[in-house]
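The following blocks contain the structures, represented as structure tokens.
Shared between the two complexes below is subunit A, which pairs with subunit B and subunit C, respectively.
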Partner chain A sequence: MWSFGALLGNPGFFSSGPVQTALIVGACAALVSAVIGVFSVWRGNAFAGHALADVSSAGGAVSFLLGISPLLGFLGMAWIAAFSMEFLGIRIGRERDLTTGIVLGAGLGLSALFLYLDVTTTSTTGAAVSVMFGSLFAIPQSLITPALAASGSVFLLVGLFYRPMMLAAVDPDLAAVRGVSLRWVGLLQLLALGLAVAVCALAIGAVLATALLIGPAGAAIRLSRRPGQAILWAMVIGLTAVWGGIWMAYASYYWFSGNAWPVSFFVVALVFLFYLAAVLFAKVAGLAAHPKPVTWPHCET
Partner chain B sequence: MFSSFMLNTWIVATAIAFVAAFVGFFVVARRSAFAAHALPLGAFPGAAAANLLGIDPLIGLLVFVGMGVLLLRQLVRMGRRDVGTGLVLVLFLGVGALLLSMTSEYAPAVFSLLFGEVLGVSDADLLPILGICVLVVVGIVLYFRPLLLDSTFPDLAALQGIRASRMDLVFLTLLALVTATALPVVGAFLVFTLLVGPPAAAQALSGNPMRVLALSVIFAEGCIWSAIALSYWTNWPIGFFVGAIGAGLFTVARSYRHWNQRQRNFVTV
Partner chain C sequence: MLRFDYKKSSAFFTAGCRSCSHFSVLRVAMRMVAAGCVGLGMAQAAPATTIRAVGVENVYANVIGQIGGKYVTVSAIESNPNTDPHSFEASPAVAREIAAAQIVVRNGVGYDSWAKKILAADPNPQRKVIVVQDLFHLPQRTQNPHLWYKPETMPVVAQAVAQGLTALDPVHAAYFAAHLRQFDASLKPWYQAIARFRAQFGGTPVAVTEPVADYMLQAAGCDIKTPWNLQAAIMNGTDPSPQDVSTQNNLFKRHQVKVFVYNQQVTNSLTSAFLSNARAAKIPVVGAYETMPMGYSYQSWMLTEVHMLRNAVERGTSTTVLK
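Presenting the complex of A and B:
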């Protein structure tokens, strides 16, 4: 029943096991995607990031088929997609849009096949919905450790190679002059992107992972021109959206008298609202529409 | 395979592939694969909403894809193009997830909306779909020259008084119409493959716009016909075959161009 007390108090929110798991995995997804998202958005790689997330859905479908951990499935397929894009020459600017599109199309075809096989050979009827749109409350507790490990390795990768990665994202020519191997940095970035995509896909679904990957980062770079600050902003926005989404989904059970709305919807809606707010704020505060980051305080020569 | 209940499917698929090749030609020329990916997925909750309200799915699709175009233009004006496109995409998908959670028929409906269903074309569906296809062809014939000029040489087009934002709207509208018609047949994801795969393969083979256009029509028809046939025989989803054939065509065309260039370089050196 809809009552004000239930709405604020949210009885049993923190003591519920699925909610705790959702909060932890959601936080992992938000933090990891904030870091990787800022790099991707600065490089103009939003489409590629989205394509990886979509293609990873095929991995999620395979994991149902083989009975392995969905995180492993998402990760494997995201890496395969990342490397096939690299192989097809994603870095040639003119062709980038097309090669990304082709890999995405082929990956989605595979996803169609595997989901079909899921439905016909196993009895997992809800596979399509949970792989594509996610279900944070249904994540088993055993997946917390792998999700933490995947997030930890992303932070390790980015922490170790922060400067070359940032320089390559912001000014590839300068990076090449300074002796940064663009090939290696690109490869490391793909590895990290694959890990981030897998955690996000696990949390809010393969096709919605893009929301966490580019939404908070897109908002953050409107709020700050300094890379470190932008990452921090993206983390704050992402975390607020995910935890707020989880809270609202839990509370919606009482709002709509027993018909809870999906978590993923609330997360995506919050991310979208935060992006709009950031854009409006930037406009009022007179920040540039296409900000170029300030590089030299962080990469002094 | 050519029995009466499949006849509608063949007609509709042929018409869709034809217009998809034309619009896809511009998707490739304008490098707007992301928009071509976002719009079909933006339309997808339309079908779910129509299902919920009990109206014709085509109306739901058209309404949602129209809203998608408007929102996309607004967001793109406000910030980075790719970020805006991505956010419109996920917002609509999130709404789709919400609407689907409200309907009782869950998994099979989602699957056929996302990945297509060949056998789902009834006589009543046939006329509106063909009508919209004709509309798209008329639109393309009317705007072919300015659209092509704006896609290939934007500066020259601006000099001739062609407004880029207007061409963008024309292009997105055509894309939206194709999307709404093709979605129920090939599915939200694979509309995109049909739009990008064949034209991308065609443009790797030729530099002449007319030849590229003709080749993309041939490739698109070949792609969808063989996908339907294979899907009919194997019972696997049509989306898989459209995706695989599209990517295969592109890879073969690219390799051919590589090989050809190397031959030519060899002769001149």
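Presenting the complex of A and C:
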């Protein structure tokens, strides 16, 4: 393994403990955000997903105060925010952005308070940077299992309720006609979205989580109209961006004589480049931007 | 006799830590009783027109107290041993205290730039401001801001404080000069301890989390094996590089260091991981502090740090918490 990394110009890459943890947690974030991201983009919920991720930073800040796992902090706050947005009527078209923005502002205000309490009552060096922008290489090994569990739950939820979730996302009216309980599906979707946001925030920070949550999904829906294929594309793009970012951050140690650049920057930069490439490709290939799949989910398979 | 105004400094300490105010008041009170400290009584009996002084870092407040004695009332701003002073946030009460001071000592080198802003916002030509960075003409890009761990720092600071106090209160010039001589003499045991360590254990390889005690370790002839970029990343709370993290872990695993100097006030998940790796490899741990721990003077604190280092190298004893 060691020689493989050296061969590719990154000696010690695969044998490094922090890199191994980063690769696993990063993969979790890329895969869950691909699935949830595609649903969110179809539902037109990208901004809500972004808001949830930002608001979850308050939970990350609280976790330092309480001494609990940051994943639990992110998750708790993401769920609280998700349900308050649902309760405040996030579904009503015109009001949606407004409500989301207001919850977002309130949540970030809480983050400011909790980060202040962090630094004034406990020794939490770098809390603000790690909560907001993440630090994949500084994630303790003990968080691998919880991250895997959270990602597993997302796949379980989506796997069990794929069809109703898909239908509700793409065409709520048709879903209602077909007897899908929109309330229950919406609830499940929020649970899954919260989990995905928590894993992403842990990996690349609450503020940057949105890049992973909607970037690969946004690129994927330009590459394929088939729901299953789009999810697969999002996974490939997300995984390439995250692992490529980790690889580049590791290599940057040699580029800048020991002053490695933050891994979150590379991940987000790659996501953006992939999105641009997908847009260009769709233009060249003559595919129109189409936020909704033409192949209805019930026709698939 | 230590004449540092404990009443004042404890008030600040509790102001910065409301959630544990009862506990810390009790603790301070107990410590004063235990130490047989009568400084409080003396401070109250001091002349009505004492000089109001602020040490932005409590270690400088302690030195002002030692030089100014009964003619100063000193407050310390950064004194909470449970927080990271690098991420200190000033409150309006702190701003008022600094603005009202006649003499202020602050570290500089970006460590307390908030205090610089407060002083600039309330200009007062009568106020004496001593910036330790400027006393040594250090450039702003100086990488390690923990100047008080450098043996040559405090005599120069004490002299500047004595000059400042003399300018504010010329009548008591002789008093301040005597205290300055006393202070300089009291640093001798620390210097001797450093010299003895250097002679006996010079070249001892050590690992650190961040650079808090680096100046003292270098004076004692220690060979700091932790990569500087890792120390800087931990101090500033930025991304560490995996290469540096592996280097540090290998120092423990392969027993390439004799001591692990652990900053108790600059901690995160990474430093705790290092701590458990060092313990697993049975490498003695020495706790270092950013702010002067309660119940110590500058001299006794620094001397204790050297003793802890010596105990670790000589007997493999870990001393993490200063009480």
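Here is the rule we go by: the second predicted complex is superposed on the first by the 285 of 301 C-alpha atoms of A that agree within 3 Å, B and C clash if a C-alpha of one lies under 4 Å from a C-alpha of the other, contacts with A are read in each partner's own complex, and residues count from 1 in each chain.
Keep this in mind: a residue touches a chain if its C-beta (ideal position, glycine included) is under 8 Å from a C-beta of that chain, and two chains touch if they have at least 3 such contacts.
Fair warning: this is a prediction, and the values are worked out from it, not measured in the lab.
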Does the superposition put A:P146 against subunit B (first), subunit C (second), both, or neither? neither
Message = Touch test for A:G186: subunit B only (first), subunit C only (second), both, or neither?
response = neither
Just checking: does A:A138 make contact with subunit B only, subunit C only, both, or neither of them? Give me first, second, both or neither. second
Message = Contacts for A:P18 in the overlay, against subunit B (first) and subunit C (second): which applies, first, second, both or neither?
response = second
With both complexes overlaid on chain A, does A:G194 touch subunit B (first), subunit C (second), both or neither? neither
Partner touching more residues of subunit A, subunit B vs subunit C, is chain B
Request  = Kindly classify A:G59 by the partners it touches after superposition: subunit B alone (first), subunit C alone (second), both, or neither?
outcome  = neither
Return first, second, both or neither, reflecting whether A:G105 touches subunit B, subunit C, both chains, or no partner chain.
first
Next on the checklist: Taking the superposition on A as described, I'd like to know which of subunit B and subunit C A:G26 touches: first, second, both or neither.
Outcome noted: neither
What is the contact status of A:Y116 with respect to subunit B (first) and subunit C (second): first, second, both, or neither? both
Note: overlapping subunit A surface for subunit B and subunit C spans 116, 119, 125-129, 259, 261-262, 264
Within the complex, subunit A is touched by subunit B residues 28, 31-34, 36-37, 41, 78-80, 82-83, 85-87, 89-91, 93-95, 97-98, 100-102, 106-108, 110-111, 114-116, 187, 189-190, 192-193, 196-197, 200, 236-237, 239-244, 246-247, 250-251
Interface with subunit C, subunit A side, in the complex: residues 12, 16-19, 22, 116, 119-130, 135, 137-141, 249-250, 253, 258-264
The residues of subunit C that touch subunit A in their complex are 16-17, 19-20, 80, 82-84, 86-89, 227, 229, 234-246, 249, 264-273
Seen from subunit A, its contact residues with subunit B in the complex are 41, 44, 46-47, 50, 54, 94, 97-98, 100-113, 115-116, 119, 125-129, 132-133, 205, 207-208, 210-211, 214-215, 218, 222, 259, 261-262, 264-265, 267-269, 271-272, 275, 279, 283, 289-290
